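Two complexes come next, and they have one chain in common, chain A, joined by chain B in the first and chain C in the second.
Take a look at the complex of A and B:
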């Protein structure tokens, strides 16, 4: 019987070709969109992770509770020892110390009087002696002019701020901020290069210096506000939450503001939404395509079904039950869904691969974005990409066939039978 | 003689607007094994409705129709399908062959529903196609056949499962005179050789000439029921 139905399906192009084409196109778009969204969202998450949050972040409890204020009075002491412990306990994770701070940048004239000033937010990261942070933060591609710090006392600043303050390469600027003890701190830096992030929030007034210089500037010897942890590949929320439980049960004491706390990226303010959205994006794409394709296939099924009511009438007359006729209709739909899904997935994977490999340079479109986004949009093929298209592909054909086939039940057998004569 | 169909006080009404149209009125009939009978009457006389009810494709509004011991009104959909599958064959005015399948596959289809083995299906299909003289058209599609050949395929499809009763609704309506006689001779031969009963719904004089029993219907009532000597044999 299956062979009989399969032969009929193959030979009757209106029953097979059109639905297979619809499913193929729908599945191809689903697979591509899923890979594209996964790629862009993952890259956006990774950009945020590398620039600000890490995949996990270790701070003191007091720092974590007031993190939006970058409260360096709650910075961690003896960070070298902490990083050693973290490397020992979690050898697969790369750990990096950072100090975030805010302040005022002052550019003096030749007499020492203020020539220009600007509010800045800054980051102290390891720039001298290691390229790890430069690569991680992708600073090489963001270097607009000049070079990276090579000597103590050199600083990078956002190009917009650099232009606004009418600075020249090699100019000396003074950072006025507060030390980790709450005193005013002042420290002179030499501008060695400028950066363009492509993110308005960062380009407005960002400075980056070697962490050793920032420690000296803010009287934070041996200390750091944050130690960021980076997983070997992409962020894994399950692992992040597991580390949170493990670490915090051993180290966190909410009565002690200086006890250590580990925060996974999904709990970081502003990022939690992005990760949740990323997790549900695939589901949303699937639901949209199941719905849209079901309507299209339902209509295709209705048109085909109307033409086939006569055939069903004949089959009922010969001795099939309505249930058997309906089941065979659904069986055909499963077959069409599977064939269309295989072809659509193959095409979708091809498109996704091209998008993953070459990417789409969107830097001009997002130059004033306030979001931290990648400047090149890339798809990302994951294990899910290989099967995700089968869900809308098969579900939509089956739902479409089930809806269209209801007519078999609604019509009286003799009525169907009479349609043979039409 | 063994009775295969008993019709008692059969009435069939169809809803029309706010009222009813009575297609069959208090019909009493009985058919025995091996009959070659016809329901004869003008359009709208109730021939096809009666055929549908005997074929368990429809149910009576009142009265009773018993087909091979099964009361049609009491059959579940599954039981009615089983009755059609095992005991009844249908032949239609428009042949109603499945266009995408070959002659062989069209004739084989009823046997697939009976879950017969492939070898048994093959021997039965070939034997049946030989009866109707279509062994040279096994791999042809319906579109490649003449009207007479299509109707012979339909007869083969109805006969391949060796039904007790074949219900033929205007089987010659779309055929010319020569093809009509050929078809009727084929059916008559099958009736005589296999003792398969045939009930026709027709107003075609060519068919009537072959019948051994003529039941005349007018406005849903039986107005005559007579055994006759076929004028064409």
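Take a look at the complex of A and C:
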């Protein structure tokens, strides 16, 4: 039967060529779009993870409850020991301590009086003695001028703020912020370099210094606001949620603001939507293409049905049942869907591979973006990419054929010979 | 009917006569000001701050002239030693010895806590006489710390005051507030101050201990105790200038 249908399709090109082309194009776009969306969304999630949230984040419960305020009064003590424990319990995850803070940067004039001030949001990360955070946060590509801190007391700041405050490399600035105890803390830094992030929120007033300096500045010796955990590759929500359950059942006590809590990235404020959207992006693409292609293939099926009106009449007249005729039409559709899906997936994968390998440099388009996005858009081929196109490819041809084939059931056997004579 | 009439006439008369026994809010606040305000003041104080992270104790010496000018030098602990604060009419300056910088505190920084306490710099800066900012009414008589107090409600008459409403419990004999509550416009209690250990200093009654509580914080409040207090004392020349900060 399969061979019969296949031969039929091969011999009657007008029955198969247009639907196969439609399915191929549709599947190719589906596969490419899925890989592209997966790539851009995954990279956006990874950029956010590396810069701010980590794949998972360990904080105190009090800090987590007020996380938007970066409340360092709820910072964790004895962080070195905590990181040791985390490395022991979760050896596959890389852990990094960070301190986030807000404050004011004050530049003095020659007499020591305030010459310029700017609001800043800052991060204390390990910059001296290890390049891990520089690589993770991709700071090398963001370094606009100068160099990374090499000595204690050196600071990197956003180039926009640097220009606005009319600073020069090597200038001393005073950070005014809140200590871990809630009082005002002041600390002098020397500007050693400037950064350009391409994200408006960060370029407005970001400063980054070595975590040891920030600890001294904010009286946080041995403490940190957050310990971020990074999975070996991309964020895995299932693993994140599993870690959350495991860690929190052992450490979290909601009555104690200083008990520890692990938050996976999908539960982090502002990122949860992106991850949910990313999870459903494939489904959205498939639904759109199943719908659009079904309409096109329905129309193609109707045209084909009209053309094959006589053929079906004859087949019914010589004794083939309506069910058999309808089933053969649907069977042909399955074959067309499969053939189109294979070709479309091959082309889609080729395009996706090129986009994954070379990427699209969008830095000029998103230079003042308010979102943390990658500057180079890349596709990402995942195991799903290999079969995702088959769902709209086969489903739409079958739905199209089923809709178009309904006409078979409306034929009256009694009138068939009259129709054929005519 | 007679009974009803007598209620209608007598009850308002009783309320009226009780109300007439209350002094006016304005006269009470003026008496408090007269008792507590000195031309100059030199104090040595201890501030015990109880936060959710632990306790800290600071010691400071303060020179004050009227309500507008004050100069504070922190003496302990070692981390804060040498930190100086100067408050003039409308400005607040802070000197940090670790940075060797004099910085003006302004804008949103004024809302920060003073040395991690329950007091904000904005609280420190507010030196406008109460009667210029608030309309005062005496509402009731209540007992606080075993003493009869007038309960005075202060409602803002200006839009830019720090607290829309304040309630004060004023000692009827000594004319000092024993408790102050500060509320937002929505009626939320923001801060609470309790004054205890009232002593007579140079003919004036003065609370030697004040406990400040920022009701939005989870800590246990800030206890400020005057270890030494001199009223109307001579102040060093030029102390309220920026040059005295270094």
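Definition applied: the second predicted complex is superposed on the first by the 412 of 422 C-alpha atoms of A that agree within 3 Å, B and C clash if a C-alpha of one lies under 4 Å from a C-alpha of the other, contacts with A are read in each partner's own complex, and residues count from 1 in each chain.
One rule holds for everything that comes next: a residue touches a chain if its C-beta (ideal position, glycine included) is under 8 Å from a C-beta of that chain, and two chains touch if they have at least 3 such contacts.
In this text the structure is predicted, and so the values were computed from the model without any measurement.
Asker: Should the pairing of chain B and chain C on chain A count as a clash or a fit in the superposition?
Answerer: Superposition check on chain A shows chain B and chain C fit without a clash.
Asker: Report for A:108: first if it touches chain B alone, second if chain C alone, otherwise both or neither.
Answerer: second
Asker: Just checking: does A:321 make contact with chain B only, chain C only, both, or neither of them? Give me first, second, both or neither.
Answerer: first
Asker: For A:73, decide between first (touching chain B), second (touching chain C), both and neither.
Answerer: Touch partner of A:73: chain C, not chain B.
Asker: Put down the vertex angle at chain A formed with chain B and chain C, C-alpha centres only, nearest 10°.
Answerer: 140
Asker: Looking at the overlay, does A:341 come into contact with chain B only (first), chain C only (second), both, or neither?
Answerer: neither
Asker: Using the touch definition from the top, say if A:179 reaches chain B (first), chain C (second), both or neither.
Answerer: second
Asker: Once the shared chain is lined up, is A:187 touching chain B (first), chain C (second), both, or neither of them?
Answerer: It touches chain C, and chain B stays clear.
Asker: Thinking of the overlay built on chain A, is A:24 touched by chain B (first), by chain C (second), by both, or by neither?
Answerer: A:24 sits against neither chain B nor chain C.
Asker: What is the minimum C-alpha distance, in Å, between chain B and chain C after the two complexes are superposed on chain A?
Answerer: 77
Asker: Looking at chain A, which of its residues have contacts with both chain B and chain C?
Answerer: No residue of chain A touches both chain B and chain C.
Asker: Show me the residue ranges of chain A that touch chain C in the complex, using the header's touch definition.
Answerer: Listed in rising order, the residues of chain A that touch chain C are 62, 73-74, 104, 106, 108, 112-114, 174, 176, 178-184, 186-188, 219, 257-258.
Asker: For the complex, which residues does chain A have touching chain B?
Answerer: Residues 1, 4, 7-8, 11-12, 310-311, 314-324, 412-414, 417, 420-421 of chain A touch chain B in their complex.
Asker: Quick check: in the complex, which residue numbers of chain B touch chain A?
Answerer: 52, 55, 57-58, 77-78, 80-82, 84-86, 88, 90, 92-94, 96, 98, 100-101, 105, 108-110, 112-114, 157
Asker: What residues of chain C sit close enough to touch chain A in their complex?
Answerer: 49, 51-54, 56, 79, 94, 96, 98-105, 109, 112-117, 218
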